[in-house]
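Written out below as structure tokens is the structure these notes cover.
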């Protein structure tokens, strides 16, 4: 009976995920459509982050690095060689895979605390390298992508096409996440996140599992980075590879539910619009926005570290079990 | 040759401040087991406190030292009681995230209250120089170094020679055993945390005659403190002192030979190398 | 010979947790491992399944030298174990816990699920399959521990004090389960302090004390052996060492 409940639960979540595509079409103007684009994009990004960090509970606080690799690779290839961002996206993914392989290979076996610190260090180093390699990356001045709408350029008029693109990105990453949860790799990750030694005793090769998941996470985040660059059309190191971005991945995933396929999406659906609208209203007072976000994260961590998805699931269970015949037991 | 010596000693002087900024972190990590990403923010707060006291009452940072330290101790105490105490048993990742969020809150708080402008304290001493032989140094820097090193050594002596200090070392080695021996863990944690944040506040205060206060000034020191502490061995106070001096010197030479932009890259690189090859640092235990 | 432990020594600093222990385990048998606390029993398990590296000596399983192999490799070769202090994957359901083991020999979800269910049925925990593991009581957790290990389809199962803390009824249940496991072809080495249980289950008993093997024999031989009795109960005043 619980199986059917879980199935229905996932069904509802899928309906929300798939149905959300219609939202942008009903939004009144570009301001709100922009929020929709960012909501879908960050849902995809947070889900990508969650693929590794959420399931095996080793938080990477430096994922903005892969965002940056994706954004910069596709942009540089486009600006310097005219290569379509669609291809550039794949190139960025390849580069991220290599980076994740090297970084992961060396740091994944470190104890939790050290691993987290190393992820931050890597992101910072990447940022510094990007700023100092001025000849290639234009450093702190940033890169501007000229507005030449065409499908091949991944540039369109208006926001709706971008909303569709980022929605597709989110759906793809969600599908990967759901598939992962029902796979050997997923089970290995969750088990080693709970108790690494016990997992290894059951045949889980934790190093290999973590590395694969880490690379997947990096590559998918990198794809999102390309989408990001093509949408905002201007990227520079301190805003793309920032700690704020890295924290945002985590904030959204934790708020919705760490280590669940749909958690990060829910987190983004709630927090991204709220955060953007907030910025709109109180943007005048510098610092207030960040202050509130920080407070929100603190409150979540102190009082609801499992995110709100468990709450929602409980609500769901209550709704459905009341209608079921009694006596079956839950 | 003179230049090299100047660079070296300048690095040592910076290193002294870094050491002071980091010993608190090592203490907090060692005793409380807490990874505190908001560490640098206390430095920032202390700098603002020094600035406002100076602006309002004319007292320079050295004169307002006591008031500042008391203020920092109070702030540290409140932080511990309201936030840190609740997550003492949580996963380190949660602690890191929480303290990261706290640093966001504090930075933005400063931004809201005092804007992003650089706040400088200009006193007579600020541009004063003193001569050691053929070398010239900025007086406040020398003062900062002397006070910083003294404070760090005082902390070390406190840990080695007093009962409370021994209690802290005991907890840092084996929390459960220490508890069984009747040491009041909660109170000791609190004390360690307060001492840690007060010390980094002192570092901020010492910097205020020569360095501007701005909302994100603490962030770079947080990162730095982490690197120092990992280098010296996560929970080792003497390790943090040596690590701080080492980083100061490396940074100084990197700046001299490769330019300011690469200073940061230099110690981040060192950081990753240490993490990979000697994660327990130079002095640490596993 | 399924398992051969050849002169294994395990040193921690200056302390010899195990000294020159040798043992041969035949396919299909049940070996009971007993000895006072601190004798080195769990350490021996740790050395067999790769949790701890061996200081000296060799462990040969099914003809393969597994002395330097990692835990997960050894698990895949066919040795599984349960822990004294049970630690299920608390946030996963009972079935999911067992499935982690199920995935040891297969990549296919459905197969892993089937194997896991069979293991749960063997330990009679299948009715709790969807319960989140941290909500299980001690007896159920102990059974889950066994089910997880069984799901890896091992040739050799190491059970470490699975009956500690159980009620007499639960102990009897466990004895039944262990017999069934052995009947299905799995070789067992069991560490246990509950003497009746281990004497009835084991074909042979091995006794460790202070890291050394002091005796090996049938349950009858062992329970009447002077050295063994002394190891457990000490030497009485006035008596000399045998």
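Order of writing sets the labels: A, B and C. Residues in every chain begin at 1.
Keep in mind that, in the parts below, a residue touches a chain if its C-beta (ideal position, glycine included) is under 8 Å from a C-beta of that chain, and two chains touch if they have at least 3 such contacts.
Keep in mind the model is a prediction, meaning the values are calculated, not measured.
Every chain gets a centre from its CA atoms, and the centre nearest the mean of all protein CA atoms is that of A. Among the other chains, the CA centroid farthest from that of subunit C is the one of B.
Distance between chain centres (mean CA atoms), subunit A to subunit C: 43 Å.
In terms of their C-alpha centroids, the spacing between subunit B and subunit C amounts to 50 Å. Our note on geometry: subunit A versus subunit B, Cα centroid distance of 33 Å, whole angstroms.
Listing the residues of subunit C that touch subunit A in their complex gives 49, 51, 70-72, 75-76, 80-81, 83, 87, 89-92, 96, 99-101, 103-107, 109, 112, 130, 148-149, 151-152. Of all residues in subunit A, only 2-3, 182-184, 187-188, 190-191, 194-195, 197-206 touch subunit C in the complex they form.
Across the complex, subunit A meets subunit B through its residues 57-59, 61, 106-107, 110-114, 116-118, 120-122, 124-125, 128-129, 131-132, 243-244, 247, 250, 254, 285-291, 293-295, 297-298, 301-302, 305. The touching residues of subunit B, counted against subunit A in their complex, run 35, 83, 86-87, 90-94, 96-98, 100-105, 107-112, 115-116, 215, 223, 226-227, 230, 234, 261-262, 264-265, 268-269, 271-272, 275-276, 279.
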